[in-house]
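Shared chain: chain A. Partners: chain B in the first complex, chain C in the second.
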Partner chain A sequence: MFSILRTIWLTFLHIFHKTETIEYPEVKPYLPPRYRGRIVLTRDADHNERCVACNLCAAACPVDCISLQATEDETGRRYPEFFRINFSRCIFCGFCEEACPTYAIQLIPDFEMAEYDRQNMVYEKEHLLIDGEGKYHGYNFHKEAGVDMGVKGKGEGKNEETPVDVKDLMP
Partner chain B sequence: MKFVFIILGVLLIPLSIAAGLIWVERRLLSVWQDRLGPNRVGPFGLFQVIADTIKLFFKEDWVPPFSDRPVFVMAPGILMITILLTFSVIPFGPGFLVFDSNIGILFFLGNSSLGVYSIVLGGWASNNKYSLIGAMRASAQMLTYEVFMGLSLMGVVMMADSFSFNSIVLAQKHGWFIFPQFVGFIVFFIAGLAETHRLPFDIPEAEGELGAGYHSEYSGMKFGMFFVGEYLGITLISAIMATLFFGGWLGPAFLPPVFWFLFKTMVLICVFILLRASLPRPRYDQLMEFGWKILLPLALLNLLITGAVLIFFK
Partner chain C sequence: MPLEIMIKIQIDGKEYEVEPKKNLLETCLALGFDIPHFCFHAALGSVGACRLCAVKKFRNAEDTKGKIVMSCMEPVVEGLIISTDDEETKQFRAAVIEGLMTNHPHDCPICDEGGECHLQDMTVMTGHNYRRFDFKKRTFQNQNIGPFIHHEMNRCIECYRCVRFYRDYAGGKDLNVFASRNNVYFGRLEDGTLENEFSGNLVEVCPTGVFTDKTLKNHYTRKWDLSNAPSVCTHCSLGCNIIASERYDSLRRIMSRYNGEVNGYFICDRGRFGYEFVNDEKRIRKAEIRSGKTEILTEVDDSTLFSTLKDTFTANKKVIGIGSPRASLEANYALSVLVGSYNFYHGISTKEQDITKTVLNFLQQSGIPTPSLKQIEKADAVLILGEDLVNTAPMMALAVREASRNKGKEMAEKLGIPAWNAHPVMQVAQDAKSPIFIATPFKDSLDEVAETTFRGNLSDIAGLGFAVASALSAEAPTFKLTDKDQQSLAEKIALKLKNANNPVIISGINCGDEQLIRAACNIATALYSAEKKGVLSMVLPESNSMGLAYLEGKSLDDAISLTEKEEIDTLIVLENDLYRRATSTSVEQLFDRCKQVIVLDQLTNKMTLKADIVVPAATFAEAEGTLVNNEGRAQRYYKTIVNKNQVKESWRWLAEMIRIKTDSPSVQWKKFDDITSALIASNAAFAALKNYFSDADFRMLNEKIPRQPLRYSGRTSMHANVAVTETGIQPDIDSPLAFTMEGSHANPPSSLVPFYWSPGWNSVQAVNKYLDEPNGRMKGGDAGIKLIISVENAKTTYFKANIQPVELTKGEFLIVPVYQIFGSDEMSSAASTLSQRIPEPFVYLNPKDAEALKLEADELIQLEIDNTILKIKIRTEASIGLGMAGLSVNLPEMPFVDLPGRGKIYNMKVES
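And now, the complex of A and B:
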């Protein structure tokens, strides 16, 4: 009996509380930097595509919304021939970002992607590629390790040691 | 000519209050839930009601092929008719009432009993198990609460020595009946909640269990009539509480009596909405137990004590 009256009174006191509602189109909500919204493909500091078309994002995607085709340029550097994300399927889980070995694919705090035509929800590579580096500045996958792509010499990467001379007996 | 104006006023004021309540309730609930509520259509979202009405009119008015068609169509009308008829005996101001019945309270109780038919027939004609369960619950709930709804008012009737609403208002010139009849007021309030099947007691609808209960097959303006009928019911119960316990149109003379009547009614409506915002729905057997084991003895006790005191001081 008393608890019922107390409930009514406490509910009444909510008149004096601040409302939680954000009036969206006029007032934009604050989105934290790591908010998972629209997916972008980033470039490295030399303005080359970071994506090496390894297909890991497409494999990690739980709803299979990413599709891409790998190809190589004349130096042997891999890049996607096309890169397509169907945002009408995407669930913004961020698994693709976690799977990406080159920090190429990233989720940014932008969610205003509504379209009148469902076909416009399919983003091609030219829609996904941005000019900047996204969240990871100065990172270039080809400078860390791996085969020579004309970016670094053999064994000169940040994460690799100079190659061992196999014909030498010295330790 | 004056009579036509009174009838129009008595018909249109409750109807417009009931329509406006759709907006008032959504805004008040949002205030109590730390939200904003509808505020886009017109100033403060006031035209939300109009938008909703237009939407209801344009919806397909579908009568299910498995339903009992004439009864199905008739049921929402009964609700509106019984409630609107009751407004004719309530004085909105001195002389501002359609007819001063000397059995006003009995007329109100009879009409609110007839209102059960709307829900029972609606649920029955829908030919749907959830609707039928809702209708059965509604009939049991309303029969239960009808009993001491009447009994709780008898204290007021004894004190005013009349069944006419107008005489009861005039009898409160020297003090509202809520003070001597506080227990009666509480019992009537709870019975009124159950009678309009408002939210703590919305067991006939119980969207969690029955999927809207008795009106789950209704669409378009037929659903709209049930919807507005519910708000009309709140308006009616609030108006009757204002008349019987809060002195009706009596009030300081600097504002017209009609204002005081409507003001008291609106405050009571807000209390109804506050209860909706704060209380959870009881289980069905809890509701019946509460009615028969607590409220009925309380109403009888109130009746006994009021009678004893009145005889003692006579």
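And now, the complex of A and C:
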């Protein structure tokens, strides 16, 4: 008996609480920055594509909804020739973001992706690539890697010595 | 040979019976233990450089402390007690990897080796995962080492495998080690193309991403994303096993597929980089029909094509078919059924057909075995008659190189040094080599392993051969050379062959001289009848030359002379560019005398431009087929690309034509198994195929064998741009393989292995899991079945020596063919990267002859041979005899020239 009255009382008190329900779509909900919504491809601080087409996101994807093809520019810098995500299959698990070694692929707090036609859920690179760095600022993979891809020369990376002179006899 | 007595050793407390004379690492790998290793490669032996394969060895059962030893340098001996998972050993290995990783760059995402990297595998296997070294990484500048291989030296871990393969195994000169200590640099003295014919194997030999496939880089795909199929190389007669890999409907790369009897771990650069023709713009992908007598070929759909073919076959009575030595057995057979074996022509010259038949008959009836490449590797004396192996059968040249080292191994064994202990064996051997004799018209890179080389024209070489045979056995036709030095050389060769345990005679039909073949056969016969040993290997021109010889048919010359007599209604040409096999006048005459010409081919060429109906045929990557290699080994390739557009297998097109022509359901070849069973029933020689190849109903654990690795990505997205609704798995009614990642990933039968993978082993080193032992047989036996079975107690017959002395008129030269590894094969020449390596057509001329004609190197000359006039550059070549010239043949721009022959050479300056 007491528990029933207590429940009625607690429910009654809710009349005076702040409402949790919001008037979507007139009012937008707050989503934290790390919310796993729409997937984007970001650029580095030099405004170049961060994606190096390593295929790790595609390999990590549990529903196999990412496909891409690597290609190279004249400096040898690798980038995706096409990058396709089939959002009608995506489960927004964020594994692709976790797998990405360059912070290129990121999930953002945007979930409004509904479409009438399923074909429109297929996003190509032009739909995915944004102009900014997304959540992670300052990282440029090409400065860390040992390969010369037009960003830095051999031995000019953060953690590199100048290239060995093969003809040098000094110990 | 008596069976080796097995010995007992103890690993991790368990007893195993193992073969003696091996090293501990290969023994452990054969037993299935995952011992990390870098520098050890079963084909190259052990050097103990990387220190990764450490295990703990105990003195006896009471010893609990033990000591760490390198398993690759430890011979297995009776009573050996070791531990592979001892804590101290594990720490040791992790420390080795940690050391190697201090300089390894942060490259994996952009490294082509990523996902199939031996270093990645070993790092995970040893457990090293966190970089404690705070200092900077050493860097190197890269080199441009040619169109085939990309060089990224920062990734090097100094295992020395590349130079050990390139220099010590393949005989290359232009890759070396420079500098010292942790600065050692593997590269060339200066930028430039790697010259060796086997440079592509560096991609597989290198355990990291220093050497990667540059052609793959153009359309890079990770190993886990490739859809693969077991295939057979179609670029020469040896039939090396390959893995062909596809992604997004294009062929991405070729890797070697292990076959203990044929190619082992390696393939040549022609085989590895010749694949690009499959993706070429010149590919015929739509059926085309010429409307009336116009110049224009119009693309048509299947129904129009079939109705045109129906009209053709109803109106026309006389139909003949020309097959091809580069088409599969099934395609050739289907054509011979379509036109009737009486109207079936082999599509090779009478001369080539006759010599091929001589070879086949000899191998079938003489009782003399023909060796696999593996057996050639084990030879202790080799005689090569007339064949330029490096350019016509590159992997055989590599096998001969391996054979040359057997002498050193034998010397080392006498000192108690096992053959796998690579460095001491080299030290003991110094310059000692097994006796190898090379008799060819001009020098090639294999000469350096020869004890003696013999230079002369083809008759001289054949004469030498007959003299050797005569010296070997009194029964052989008596033949003595007039030149005393030559005669004593012949006697020396005979003696060395006689004294050897495994002598091998190698010859081939590419130089087009029947006397030479007969001489080689006589030597083998003499050796075999006198000593009951010796094997004979014959190199043939193309991938299915041997298979074609099994089918009944006439030659191309017969077809041409037939058209001189009567007019033909319809001519069907199967995958054969006749302009490469006969003069353009005779081919054009053939065309003129045939009312209608139907050509089935893969690439646009002169033939397809002249044909009335062009039918798009599938390449080796899009079809199933059987090829018979030079030793009579039938091997099957499977499709890796799903056929798109109208491209279909040639046999399928021909089966369709049979249906249209006969209009009866009597021949109904719906799937590959239907035609193979018809083929097997047609000829008793093919009976052996029946139980050997798995048919399409073969299942492993109730499932087909997946072509794709478990990690295959992008299934729900790769075709989503076309239609987001997924079409499902493409069915494959022709083979036991499936276009999917789903299915049994257990080891399939050796002829059906689509790729190598095993848990923890993502790199090509996973191949060890598919072998009985490293460098041994595939589990369950190597792929392929030999159709030639040596008959017991065959009658000894000799060919008669018929050597005409060569007499040249003034200004006349004996012209011999010169083959090129890059360029002389038709299909690989169309590969865009490989075509960069094709030389300009040239003529070899002795410098003295050149001087007499007042010619300098690289000068244009006029060559007249059989009414053909060629303007061509000369190359002075001191090794070619006086009065002889070597003409580069089969290069893409070269017209057909019937060689060997006689021709005249003019200095164009003098003429003008």
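A few remarks follow.
Criterion: the second predicted complex is superposed on the first by the 160 of 171 C-alpha atoms of A that agree within 3 Å, B and C clash if a C-alpha of one lies under 4 Å from a C-alpha of the other, contacts with A are read in each partner's own complex, and residues count from 1 in each chain.
Keep this in mind: a contact is a pair of C-beta atoms (placed from the backbone, for glycine too) under 8 Å apart; a residue touches a chain by one contact, two chains touch by 3 or more.
Nothing here was measured: the structure is a model prediction, and the numbers come from that model.
Overlaying the two complexes via chain A leaves chain B and chain C side by side, clear of any clash.
Touch criterion met: A:T102 reaches chain C, while chain B stays clear of it.
Residue contacts after overlaying the shared chain place A:E124 against chain C, while chain B stays out of touching range. For the superposed model, the angle subtended at the Cα centre of chain A by chain B and chain C works out to 120 degrees in steps of 10. Number of chain A residues touched is higher for C, counting chain B against chain C.
In the superposed model, A:F12 lies in contact with chain B only, and not with chain C. By the touch criterion stated above, A:C54 is placed in contact with chain C alone, chain B being left untouched. Remark: least CA distance from chain B to chain C after fitting both complexes onto chain A is 30 Å. Chain contact summary for the complex, chain C toward chain A: residues 105-111, 114-115, 136-142, 152, 154-155, 178-181, 183, 185, 187, 217, 219-222, 224-225, 248, 711-718, 720-721, 723-725. Looking at the complex, you find that chain B touches chain A at residues 30-36, 39, 274-275, 277-279. Listed in rising order, the residues of chain A touching chain B in the complex are 4, 7-8, 10-12, 14-15, 17-21, 23. Considering their complex, residues 52-56, 58-59, 61, 63-72, 78, 82, 84-86, 88-89, 101-102, 118-119, 121-122, 124, 141, 144-149, 154-155, 157, 159-164, 166-169, 171 of chain A touch chain C.
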